[in-house]
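Here come two complexes built around subunit A, the first alongside subunit B, the second alongside subunit C.
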Partner chain A sequence: MKRRLHPKRSHTFLFLVPSLLGVALFFVVPFGMVIYYSLVNRPVNGEFVGLDNFKALLHNSAFLLGAKNTAILIGLSVPLAVLLPLKLALWLERAIPMKSQLRTAFLSPMLVPIASVVLVWQVLFHQNGTLNAFLETHVDWFHSPWSILMVLLLYLWKNIGYHTILFTAALAAIPRTYVDMANLDGAGRTRQFFSVKIHFLAPTVFFVVLMSLIASMKIFREVWLLTGSYPYESLYLLQHFMNNTFRTMDYQKLSAAALMLAVVMGALIAVLLSIERRLDQDTENE
Partner chain B sequence: MKKRRVKDGCLWLALMILALLFILPTVLTVVNSFLSASEIERSYGAALGSGGYMKERIILKLVPDIATGEQYKTFLLQSPEYLQKFWNSVLYTAPITILQTAVSALAAYGFCRKPSRLRRAIFFGYLVLTLMPYQVTLVPNYLISKQLGTYDTIWAILLPGIFSPFAVFLLTKYMQRIPKVYLEAAQLDGANEWQIFRRIFLPQCKSALFAVGMLIFFDYWNMVEQPMVLLESEELQPLSLYLSKINQGELGLAFAAAVIYMIPCLLLFLGGERHLEEGIVTGGMK
Partner chain C sequence: MKKRLIRMTALLLTLLLLLSGCGNPDQPAAPGETVTMPDAAEPPASDKLELPKEVRLSGHRLLDICPTEGGYLLLSVDIWGWHLTTLDENLTVGETVDLSKEDPSPYRILEAGGHRWTLENDGDMESANYGCGVYCDGEFMMQTERDPALMQLAWADDTLYTVHFLRLWCGKNEVEMPDQPGANFWVRCVLQINGQTFAMVTAWTEVQGTDERTSVGRWLCPIDGTTTQLSLPESEFPILVDRACWNDAGTWVLSGSKLYETDGTNVTELCDLAAWGLDFEKFSTILALEDGTFLVMDWDRLVHVDPSENKGDTLTIGLYHPDYHCSQAIAAFNLADTGWQVTTRTFEDLESMNLAMLNGELDLICSSDLDALNNYAVKGLLAPIDETTTARVLPNLVPLCTVDGACVYLPREVELVCCSIPASYVSAGDVADLERLISRIEANCPETFESNAKYIVLQNILNQCGSGWIDWQTRTARFNTDSFRGALEFCNRFEDDEYTASINGGAYYNAGKEWFQIYEELWLGNYYYKVHDDPLKKTQARTLFPFPVGSYTGLGLNSMGFYAIVNGSNTSGGQAFMDFLFADEEWFDEPQVPADFGSEFPVNLSHLDEFLQRRVSQNPTDEFEQDARELRELLLNADHLMDPLLGEPEQIILEEAEAYFNGDVTAEECARRIQNRIEIYLSERG
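Here is the complex of A and B:
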């Protein structure tokens, strides 16, 4: 009996094999090469130079600028991409008509090819563009301190719908009895949310945070198509730096930057995972 | 109660306006595809760099001066090279979507069935890799494809795509939420791991598989960086890359090309929206 419930480990490990082989070849080996490059002074027959590349990077103004802007973008985009969809999903819970049409509308940005998104954004925010015509101003939005907001807008427009669906489903799965009980106690919507729903939503919040992080890295594609390799200062992201060092074949710099990013991301994920595990234990104890 | 209804009415109106803003870029793309090439040049040329003085306001057109199918005719009948690129996009995206989902489903099963310390560590590694922007693996991917002799062939795009760790994270999160009861029942019946995977886990997460597949499809359908780095030959390029370069060239075709490029996404979306809503979704649920 006991033996059956705990089959041998090797059986389930086989399921991992195809993915592990592929990931090893196309992602881990490359990453190993990144580590190697970050520690030598030139790509071919390089000598080991320890942490010199990293030290140099910390004095590189382009790298610092990119790191700063990327941090700002993540800091702005991730919380908004979690909170706005959550609010939207709560609104969509109420008794209003055309809910499913609304959800479809919010999802529709997923369909639009990136190229036409870029085209529309360019026309909207060009110096002679639609927004300026509307506001009767003459601001070159992509070359202004506001440029990061244009990107933020694009990011939210693209991702909010999907995250709203995630929250809608999570809300729908909360057992009615809990909500009804809170209702009987006379709890308002706010109280209901904070004392009941939030507990059930925690895993989804975690999930959406990770999705938002992934998306905040991917938005570079749009930024790059919009403004090219050398954008306005506040739009110069870490990926611009990597892209440009790739084109000048400066592998050491690129690799050191990549590795630093990996370490920061790893730390971030570790924190998130430990929070998740704690939350999981909480809900299990309840 | 009445006050609440008025409030909900206002909310509904606000949501409708927001929804309209969300679908606006889609609508604009479709409407503009019926503009003649010359009208497009006249209207947007200034914003998109292909000439014209920058004195006039550039407004996105909601109603064309004259509706014409000229763009479509050029695209479909007079430019076989674009159809070729469209076909390339299908050749990359379809296998990547299907196989990445399959490989990831297997791996996800491996991760969630036996969450040993080792597997947790590997899973953490997968998460970090998932969060790395493409620029990080750019150089190594390029070098490896040279080593393997896949550079400038479709395999340079296909193989890393199929083994990308992206979907593993999503599916693992989903599978972890499948109630243990099913599993224990199957084990008591003496089912082996493959049977449990095939008969219980796969049917349970059909929606999630579909939802994840859609995400992968949209992502690779719009790929830009990979073909730019890993492909040289013009005849291997996907349409997404061409579409994103359209600003420099035949602007007149941009919108019709975008609409045609949207069609597979639209079909997938219409066919799968239901899955999407009940699908992935549950990834964050108990």
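Here is the complex of A and C:
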């Protein structure tokens, strides 16, 4: 007997068609084109070359340099962008004076236009800039191996405030019962945090990790404004490679790099999701 | 059942609502949007004026045309002076009046409001009134600006409007430009739309110390006879307008080579005037006729243009920093009977041209950006130029324009570029080694270092022989070498700023000093004075050589633009264009003034020989003939193109050199940083 679609389901599908069309047009089709470009050897009248573009990319020193620097930046910025705001949020949880003013101050970097921030950073870290005057040195920070730290500092300054607010809200949502019980059992602050609070903070931590991951990729904008399309090697990020290959119409390299990045990011997020799911289960079981 | 019916009706209505938002042709376009209007009703063929296709006055440069009673007045100039020619309504040439050479020379003429207005070049270099004046019926009315050839007269609202690109007068009142820090305002023209008069105004910002300009905006600013200050409207006009004309049927504007109809907000392209063989860099006037056709004038021809005319198979040429003779080449090709017409598309940035290339919208390219052309060639976007064409040009030029085994671009003309130093200051071998050259300069002409600026010298070195430090085949850079460090140190010895250098240079020149020149253009007009002593001017013969980076033995070739064929469906048409461009038959007109020697040489060998022969015949001496032979030899032995690093590599080097010139880093550190960054640039392309 033929199985007929339930009338309600067919109506639902019909209502979804316009959204599906939009998603297809703006996401699925472009993604398909990226896959196509990654498998041909030139942007116009290209011939199918299989995985040759990916193999060439793994031997391209510019791509490897960009990937390495991006990995370093992510490896440094994401943990710091989680731990520092969490610490600040725990500190704000206590009874300290000017708490609301402090919260406003933490959020204010988000209001500053990027171009202004970049200008200030250039003045601060220029060879004849403020930091060198203070330290009585003459280091060109943007041309040194420490240049990645300047970018890290910029990233943290921009994003810590927002993450702190997220953690503050998450801490406020923890049921007082568990904290009080831990207090009664004689648990100290550290024990309370690791035994009670961290389980309830898990979803927020996951969310902040995800946001930090995305923000660490977007830091390219500030780096580009500071140093241009071809910066010193320690500041050359993966997105520099992609930007420049777009300008020179190397779409096959660009597409292959984008696909590789998508796979890596997808794997990373899958790992994070599984950890988050496990932590969620632990919390529910309690 | 009823509920089901209601649900289905609701669903259908929702879908209809969504679909109704798509493409309503009656909706007005957003401001600035280009809209293709439905074809206007064409007047029947029998109502169109029967006019000749063009009018030429042999030997004359055409300046302006205006309607008058019974026809037109045509203003022109030749080597004998200024002339006013009457044309009847059928453009039949009538009487030509020779305007006296002693009188001020008119560049613009307009009959309106019962008067004859002219814009005349008056005064002299010594006079405080030197410049240009507006005359009414022969009587002086007001002083304006210099450059009369760049000025326009327009009549609207019973008012005469005088336009200079930096200034505007409404009647006798000069109009104040808007005040925006950092922005330079230009007035392009005056036009009238539906009874309202406007000034087309654009604004630019300039990067200090460079020729780079960025367009800030373009507006139609309403004006009338009492306007004293321009106010910018909120919305911009979609295109940059150069000329305009109007009558009761509408308003039309020229932008580049294209003619548009406009209602003040939207524009509709009617035709590309290049298809009529008009040189779009030399448009002077356009008049709208009552039958929907136009009279368009460039320096050579008055052409009757019917936009509805089918001009045959069309090629599109993309222009990105093109050769300044390109418009002339396109005009000449469109006049020739090749079966093809070329229309133009001008690009302000490389990304737009990249997109047009990928979409197959272009058949030809003219650009001075070698980096972009090489990139297109490597990606197979350029078609090889036929060997029958390349066989006609300088044989040493073809390998310089070859990428992956095929010659894919060629310039129409080249300049010969080198360094020079008084021959008595150097001996054999000195000019081939940088260290020896520097020691000769220090010993014999140390004022060299005070007569030029660091950045200018560095830029010249990069332009002349930057490729000496890059191997494009293996994609390796050699900036971290003694040769480049030596060049940096050499540049660092010069003055910090251009102004001081020019003051010093002027003083030394007046004192009769001679020194090392980083950049020389050689042509027949100056070659004699380069290679011979001149007792009158008290100058010495000079040794000519390429800057010694070790890779080159010949001089350099500079070109204002290269032509290339795009690999696509119209490759045969593109090849026809290249055949015409490099044909042995001469189509390039000589300059009007015999003494006007340019510094460019045609790359076509037979053209080159005819060109040199013509020059020699104008000055038939043994020395001149010998100079012509030597220049020909130098041209044929030139072994590199200039500006190979134009774009990112040059920017990187100049940025890093700034720190070195400021004393913040050593030459070694500077060279190391440049090597580092250029390596990234090259490995991206690997």
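Rule of thumb we're sticking to: the second predicted complex is superposed on the first by the 263 of 286 C-alpha atoms of A that agree within 3 Å, B and C clash if a C-alpha of one lies under 4 Å from a C-alpha of the other, contacts with A are read in each partner's own complex, and residues count from 1 in each chain.
Going forward, a residue touches a chain if its C-beta (ideal position, glycine included) is under 8 Å from a C-beta of that chain, and two chains touch if they have at least 3 such contacts.
Remember, it's a predicted structure, so these values are computed and weren't measured experimentally.
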Between subunit B and subunit C, whom does A:S108 touch in the aligned arrangement: first, second, both, or neither? first
Quick check for you: in the superposed arrangement, does A:L73 touch first (subunit B), second (subunit C), both or neither? neither
Tell me which partner touches more residues of subunit A in the superposed arrangement, subunit B or subunit C. B
For A:L86, decide between first (touching subunit B), second (touching subunit C), both and neither. neither
With both complexes superposed on chain A, which partner does A:H11 reach: first (subunit B), second (subunit C), both or neither? both
Where does A:V29 make contact in the superposed view: on subunit B (first), on subunit C (second), on both, or on neither? first
Output check: A:Q127 vs subunit B and subunit C. Expected answer is one of first, second, both, neither. What do you get? both
What is the contact status of A:L210 with respect to subunit B (first) and subunit C (second): first, second, both, or neither? first
Taking the superposition as given, does A:H143 touch the first partner, subunit B, the second, subunit C, both, or neither? second
Both subunit B and subunit C touch subunit A; at which residues? 7, 11, 14-15, 18, 127-128
Complex interface listing, subunit B residues touching subunit A: 8, 11-12, 15-16, 18-20, 22-23, 25-26, 28-29, 44, 46-48, 54-60, 103-104, 106-107, 109-111, 113-114, 116, 119, 122, 124-133, 135-141, 143-144, 159-160, 162-166, 168-169, 173, 177, 184, 187-188, 190, 192-193, 197, 218-219, 221-222, 224-225, 240, 243-244, 246-247, 254-255, 258, 261-262, 265-266, 269, 273, 276-278, 280-286
Where on subunit C does subunit A make contact in their complex? 4, 7, 11, 14-15, 18, 350-351, 354, 357-358, 360, 375, 379-381, 567, 648, 651-652, 655, 659, 664-665, 673, 676-681, 683-686
Residue ranges of subunit A touching subunit C (in the complex, touch as defined): 7, 11, 14-15, 18, 42-45, 60-62, 65, 127-128, 138, 140, 143, 228-233, 236, 241, 244-245, 247-250
Of subunit A, residues touching subunit B in the complex: 4-5, 7, 9, 11-16, 18-23, 25-31, 33-34, 37, 88, 91-92, 94-98, 101-120, 122-124, 126-130, 132-133, 157, 161, 165-166, 168-170, 173, 200, 203-208, 210, 213-214, 217-218, 220-221, 224-225, 238-239, 242-243, 246, 251, 254-255, 258, 261-262, 265-266, 269-270, 273, 283
